[in-house]
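So, here's a batch of structures to check.
Here subunit A shows up in two complexes: once beside subunit B, once beside subunit C.
Right, the complex of A and B next:
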């Protein structure tokens, strides 16, 4: 290793273990640690209103979901238009406990980490089952198969008495070591839970991507014939990709259920599936940090548009109805612009910015 | 320090190598016989070439061996294992690997990742160890990375290690293709036109690599190639296919004097 591990710009690896490191220099690692600690500290310094805390919680939930979607669509190259349905599977796993045991049963209020993990596993099972057609189908035909799952999901929820026919199923507030969480601390508390989940998921996927379990995804995306010749079963790899995506979606769904203290079908519709796909594209398909950029960008945009529409609604004639049109319009415009000018997403901007700062300030 | 991976694997000697027997293989595509009653024995430790005019069924034969096609009738045996109905990943596990005619690389990944994918079945850690990474997964990855480096060194790919394969020049990509097949540590290597579209210098390089593969790695090579000069020079055995039938086989001298082969290549006088 080079004598200076703080500012090294070149490749000074002396062992293959050196090469495996996530953070090449100490500087990267330090910056990252500071950034993570700031994420933990800032809510204690600035008390944000519940409205904005909910937006941030929403972004974090979406990040968990997009990490999953990026695995199946970005890394394995299989378009999934049913990602919201997989989230729904996770959320309704929690809901079915609430339906059978009552919404403030001890399993829901005390064993919530286990229940979230269980929801993830249910999501993984459903993901793998829906992924089965991937053994035979490719490209758009496979996308249709995932779309059909979205349809089946919405239908099933809407028609089953057990799921309250899609009406909200209440989930009660959880307990922490300090006792039952109050209304005021709710979003604040879940911010920390979500942050921990996001960091764990991020590191888990980062680790998987540098092992055989991540590389095989890129192999079936780029060339599944050659993957077969390498001793990788392409069909099973695709099913595994769907399973893993379903796992993260399930966890995101369960977190959504807890944060909103209720589960209703209208949070898991086709519209949401497409929004998630848009977030993955805007963030950058096939990159891990793209899963973070996408939700942040799209949700911030939505928030800005909401307040802008409010403002515009006041000064424009009321029959223009700009306020309702502004959100979908700006959303559509952003996706079209990204597809045209930056199909590799915000992750590419990040890459460019990093390569500019690599040689600055005068490293060696 | 544990022994590197390539040293812990059994030394491949001529005795342990198995021969590939293709007996009476017929492959039909809706009335067209791509291969009819092909019988070839590939002896271990030699370079066996399969030549023939365009559409003679050379690539079809390789596809049958590597499991991408399944023969309509006939048998393919490797040692005492039957390959007739195996899928590609099962064939790979028996120690047969293949370089494709048209580049079939993982074009979005780096050279190292492409080669690491060829180590896929040797990376013996489970999902949870991979998730935690520190410990077993990291150690096995490093060991196999060292093995990959040995192949990179062997195939002289050092300058391109971390380049994305899709951005490399055609000749280099072809070499990565051979390197990837070699990383599977095969006992039998199938090369499908490794020199197609190359200039004379690149061809000389590839010929040198093939000779080295045979000598240094004790690997049996099956070579499909159009350049007759190269084939005649480096092959130990040659099989000639024409319209899906074997019309001649033997040493280069025998094949060159076979009237049926001369007829197929030069035509009747």
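Right, the complex of A and C next:
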């Protein structure tokens, strides 16, 4: 380790332990803590309208989901076209409590952190079950397995009377120490909950990647035979990756249920799965901060598309179905263009910008 | 009771043979370039819509527009390959598959831009309306003609792969790309051709199914996605498997909706059964019925 703990002018690692630090210098740590505290402070300073608060909540939910998708698609290299269905599993775990106990039972309103955790575990179980073919098969077939889980999920929700046949199942507002949350504070309150969840899961994944269990994901992705020779069980690793992805998806789904105060099947369709895949690709597969960039970029794009469709809808004839068309069109284009021209995603731009400012004004 | 059984069997075979035609194109692309084309369902839908647009709006007779839409999708799929997938040769297979997911989304968007995304159309009737029935089993003219065209096309494709020079070169590329390059086959050209023929067969399947069920985008999408369970059941790289599995899946779906729906409180089982079969096949017999056993294993 270099003597100056504030500024690292190069690579001075003398042990593997040094290299695995999350924050290389004190400066990194300071900037990070300032950034996080700003995230906590700004809603107190600027009052945003509920509409934009919901957008921000949405982005945070998507970030939790994409952290999960990045584990399975980015780190373990398995395509999942059923991520929205895993989110749905989480959301419908909450919904099944609401259906059996009534939507304002004390478990739902008071024990919500436990319920969110439980949804994550249910998601993990379903993820591991769907990932079971991974014991024998490679990515091509797993894409099919997740696709079929997506279709089976949609059908089951639409079919079962217990789940209200896909119609919205209401979930009431939760209680905090100050009492029941009102309509006005709802999105504001969940912003903080989501922020805490995002930070926790970010640290969880960051720490996971420094351990044996995280490194074996990348090892299996890069070369499963070599990984096998080193004593990693490739099949089990993949099942475990699916389980982890299911866990984060389940948590994201439960949060979605609480933020929207209801669960309906139309938030967990194949289109959503593809949107999540787009987020993961745009952000940068196989990087942790890609999971933050992707949702932000895609959600912003979605907002822009919506306002553009509204604007263009006034000029164009009404049978031009612009509002529904623009979303898949733009997401598809974004997926294809990023894969063709920037397969490492926005995370790569971030990396370039970082190293540029670090070295400035010297170029090399 | 028996005639009900045969009725379901016959309509299952009708739907199944169209599935077979649709799955054929998918297998073709997989066989030659190992790409899992998830946009195949959208190409099928596009084929159906182009056929309708040529007949209903331009006014070309349906026989001609059916052929013309096959030609159009032939070039459409070829250009898709040339624009998007040609650059990605050599990239990891996972990003190529994700490009096809992107294409699926793009094609969805383009179809939503047209009236087909929101309005249902149906083809003008050009065949006699009455049913042909023998021994209590009846079949409509549209279905009969559809099956005949499908059978002819599948026969034609089999001949094409077994006998024609281009077909043999495609089989060679699927066998070993380096060896086929060394005997003078242009591998990129074969990839393009595989996509083009896949587009052609998809358009044919789309045109036929559009005539039978009418043009509803969601139905056609569901039809297109059912192709995936079929190719897994048949074995991803087997053309015979695609045909047999297509017919099996069609029959299973018809029996499911004929016997299961409304009986045990069940409904719409035909939509979900293929995917349950897919999961079971993946767990126990992942190379499918006719696939080569050396599939990619962990």
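Observations on the structure shown:
Everything that follows uses one rule, which is that the second predicted complex is superposed on the first by the 338 of 364 C-alpha atoms of A that agree within 3 Å, B and C clash if a C-alpha of one lies under 4 Å from a C-alpha of the other, contacts with A are read in each partner's own complex, and residues count from 1 in each chain.
Keep in mind that, in the parts below, a contact is a pair of C-beta atoms (placed from the backbone, for glycine too) under 8 Å apart; a residue touches a chain by one contact, two chains touch by 3 or more.
This is a predicted model, so every value here is computed, not measured.
Aligning the two structures on subunit A places subunit B and subunit C next to each other without any clash.
Legend: residue contacts after superposition of the two complexes on their common chain; A:344 is shown touching neither subunit B nor subunit C. Once the two complexes are laid over each other on the shared chain, residue contacts for A:20 go to subunit B alone; subunit C is not touched.
By the document's definition of touching, neither partner reaches A:105: not subunit B, not subunit C. Note on subunit A: of its two partners subunit C and subunit B, the one contacting more of its residues is C. For the combined arrangement built by superposing the two complexes, subunit A sits at the apex of an angle of 80 degrees to subunit B and subunit C, based on C-alpha centres and given in steps of 10. Of the two partner chains placed around the shared chain by superposition, subunit C is the only one that A:143 touches, whereas subunit B remains out of contact.
Shortest separation of subunit B and subunit C in the overlay equals 11 Å (C-alpha atoms, whole Å). Subunit A residues 228 lie at the interface with subunit B in one structure and with subunit C in the other. Subunit B makes touch with subunit A in their complex at residues 66, 68, 87-89, 92-93, 97-98, 100, 104-109, 113, 116-118, 120-121, 123, 125, 127, 130-133, 137-138, 141-143, 145-146, 149, 180, 184.
On the side of subunit C, the complex with subunit A involves touching residues 36, 38, 84, 87-88, 91-95, 97-99, 101-110, 112-113, 115, 117-119, 225, 228-229, 232, 236, 266-268, 271-272, 275-276, 278-279, 282-283, 286, 295-298. Across the complex, subunit C is touched by residues 73, 77, 79, 81, 130, 132-141, 143-145, 147-149, 151-152, 155-156, 158-159, 224, 228, 234-235, 238, 274, 277-278, 281, 319-322, 324-336, 339-340, 343 of subunit A.
Those residues of subunit A whose C-beta lies close enough to touch subunit B in the complex are 15-17, 19-20, 204, 207-208, 210-216, 218-219, 221-223, 225-233, 286.
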